[in-house]
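Some structures to go through are shown next.
First chain A sits with chain B, and in the next complex the same chain sits with chain C.
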Partner chain A sequence: MQTSLFADAIFWVLAALAVFSGWRVFRTDSMVRASFFLLASFIAVGAIMLLLAAVYLGLAMLFMMAVEMMVMALFMVMFMMNPAGLNPMVMVHQHRLSIVAGGLAFAVLGALALFVEFPDRPLPAGLDPVASLGREMLGDSMLVFESAGIVLLATMIGVVVMSSHRGRFGAADQGSLPPGLEPGGVPAGPQPDAEGSGGHHHHCH
Partner chain B sequence: MMAWAAMVLTFLALAVGGYAVAVADRLIAGACGWPHQGNAWLAPLARGAWLYRQDANVTEAPDRPAWRLAPALYLALAALGLALVPWSPTLVVADLATGVVLWGSLEALATVAIFLHGWSANAPLALIGGYRYVALGLSYILVSMFVLIGVVLPAESLKFSQVVAAQEELWNVVRQPLGLPLFLIVGLGLTFWGPLNLADSTDLAGGTASEVSGPPRLVWEIARVAMLVAFSGIAATAFLGGWLGPWLPGPLWLALKMLAVLLALAWLGRVLPRLAPERCVTLMWVVLLPLSFVDLIWAGLEAL
Partner chain C sequence: MTLVSLLLVAAALIGIGLYGALSQQSFVMLMMGLELMLNGVMLAAVAFWALSGAGAPEGQLLTIVVMAVMAIEMAMGFALVVAVFRTNQADMTEALGELKH
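Moving on, here comes the complex of A and B:
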């Protein structure tokens, strides 16, 4: 199969974009920015997969990573108590370990890229990658694929039920008590019964 | 050659369709006796020119590249979406083997663009608008994907041209009666239009766009109507038989159907009551998502 100059040029642009935005993930100072730089890197890789005729997997990369990075950014902001993720903060930690791990991974992958004999198998003319992927996933691998799917679905439903505002015993934010300041102690904060039975002008004194 | 013609047609549709939405919205408001300013045909142009001549507001310490790029990104997603729509069996910019999947990815990436628009201004109301859209966007994407899988089933292909070809005998709007109504509601959500405008709503003083003025605001408003146009193209292709129709040439039929969808959306946007965001999430997950499952089962049984 002839590779056109145009496809080559697009490949190099995308590869540069993937590497550049991957590098920016660690050099930027905000979790939200880091997530979206990672997303940009993944999008570039997904587009390279499109060039490699993986029409379904390349796009799957796009929609999965878009939602995933969005959710990741939100959760990081929530857990790190960094208002809106706009406060500057360092995106790297455990410097020595990271440098060693990164160097090793780069050496191994680089060696693989340089020394492995890649098979030269051009696509057969009549290949339909989407249909063959579908046959693979819903043929021999059906059991694995479907059980993973059911587990993920059950997890999703479980999370939604557990985090839902509405519960069997009423709304989640009514009647719930904060934990005590010491184990088993009196709940922290204002007591709900004082508010509930006290009437309208109770808070005045 | 065909691809170039289709590309010109796509850009033309984005421009004309966007203008048509703006005019239709004002005409409907006028017909119903609601307040709107000036001549419906000139007001959109006047507003565009006015926005263009205003200064671009700057907040304290925004993420400037993201803030300026987000409207352009949203507009690019709309253009990509419309590029998937086939104007005739051969007149199409990109008839991908996985076109329906790409449209799903665009919906997901739109969430990122809208969030970025609200987040990067570094202002509270814009941020709340962005978060709101993320909370709601997931349910829009789910409903839309289930409805589109229903459309893909009879076509046995993820290609939009095949989806149209499979409607030769019967359009999907009849074959799967739940599909189009669900998809239209998703469209209002995706472009946060009318009752589902919760990201840029007035209770947040404009939400993600509350701090944006001047040319960036103009791009953002153009991008929103462009997304509505792209959405109408996908809806016309998936449910109304795309280019199919007697007497007239295919592209004209598609344009008419898109216009019909746009008018329906503009009308719905004006007459439906506005929902509180919490109740909107409940509506999406408790009513619309199960309905989309019913639609999918319907489509599956019919395809058997």
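Moving on, here comes the complex of A and C:
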């Protein structure tokens, strides 16, 4: 691909931004700030995709990640004990192992990038990336595309099932008893809680 | 903007993401590590598509599939966080000791 000096300069700035903000994600005290650093990393990668003429993918990345990271920041505020970064925070385990694993992954993949001869076949001159992607998605690879859609639908259903606690009329198992092990015997399994336990299920061992 | 430099950036993102996914104790931070790894994978896929694959449309399709994987990972991860938080008020992976048996 013919790239000008200007495009190269932009690429290096974006690459530095992507890696730096990716690193800052795990080095900042505030979890909300961490999600915005991750967003910055995604936006930089999306802009690099735009530089590489992947117009649709780059723009989809920007829109998708902006929304996704907003959701993530909201979750941080809802669930995390230290969303604002008021206290210094180090919440890591197996730290040394993780550093070694991350460094090793970078070394192996970087060595592959440096020492493997990849064919040099740039984009053909008259290619319209968006049209070619559309033709592929609704043509030869329609099965892949539709399967992804079905999996997303299944995910939506699964997520609602997993995260919904009770229905409009109370807990789903309210008042229900499992059948006994013998006819008319004591119900098997854990008994449903009494009313007003606040939704805590304590499983005795 | 050569293929090598693009792949090095992707490798760096994957390495940082692996570090985060292995080291973070909070569920959501762990998910951020996974997302960063997928970010690197998408960058590498687009780089191969543009500079080594002669614009084969399957390269872009692969990136779309990775994006779908990312959305699924995110949705399932948050649903799991909500479910775990409801049952034992925890947001740390260490709190799931009762899965050990």
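General observations
Rule of thumb we're sticking to: the second predicted complex is superposed on the first by the 138 of 205 C-alpha atoms of A that agree within 3 Å, B and C clash if a C-alpha of one lies under 4 Å from a C-alpha of the other, contacts with A are read in each partner's own complex, and residues count from 1 in each chain.
Here, a contact is a pair of C-beta atoms (placed from the backbone, for glycine too) under 8 Å apart; a residue touches a chain by one contact, two chains touch by 3 or more.
Just so we're clear, the structure is a prediction, and the values are computed from it rather than from any experiment.
Placing chain B and chain C on a common chain A by superposition gives a fit, with no clash between them. After overlaying the two complexes on the shared chain, residue contacts for A:133 are found with chain C alone; chain B is out of touch. Of the two partner chains placed around the shared chain by superposition, chain C is the only one that A:51 touches, whereas chain B remains out of contact.
In the overlay built on the shared chain, the residue A:118 is in contact with chain C alone; chain B does not reach it.
In the overlay built on the shared chain, the residue A:59 is in contact with chain B alone; chain C does not reach it. Put chain B and chain C next to each other and count what each touches on chain A; the higher total goes to C.
With chain A used as the common frame, the shortest Cα distance separating chain B from chain C works out to 14 Å.
In the superposition on chain A, chain A positions 56, 60, 129, 165 are in contact with chain B in one complex as well as with chain C in the other. Only residues 1, 3-20, 22-26, 28-29, 31-33, 35-36, 39, 42-43, 46-55, 57-58, 60-61, 63-65, 67-68, 70-72, 74-76, 78-83, 85-87, 91-94, 98 of chain C touch chain A when the two sit together in their complex. Considering their complex, residues 61, 63, 66, 96-98, 101-102, 104-105, 107-109, 111-112, 115-116, 119, 122, 127, 131, 134, 138, 141, 158, 278, 285 of chain B touch chain A. Taken together, the chain A residues at the contact with chain C in this complex read 1, 3, 7-8, 11-12, 15, 18-19, 22-23, 25-26, 31, 34-35, 38, 41-42, 45, 48-49, 51-54, 56-57, 60-61, 64, 68, 71-72, 75-76, 79-81, 91-95, 97-99, 101-103, 105-106, 109-110, 112-114, 118-124, 127, 129, 132-133, 135-137, 141, 144-145, 148, 151-152, 155-156, 158-159, 162-163, 165, 199-201, 203. The touching residues of chain A, when paired with chain B in their complex, are 30, 32-33, 36, 39, 55-56, 59-60, 62-63, 66-67, 69-70, 73-74, 84-86, 128-130, 160, 165.
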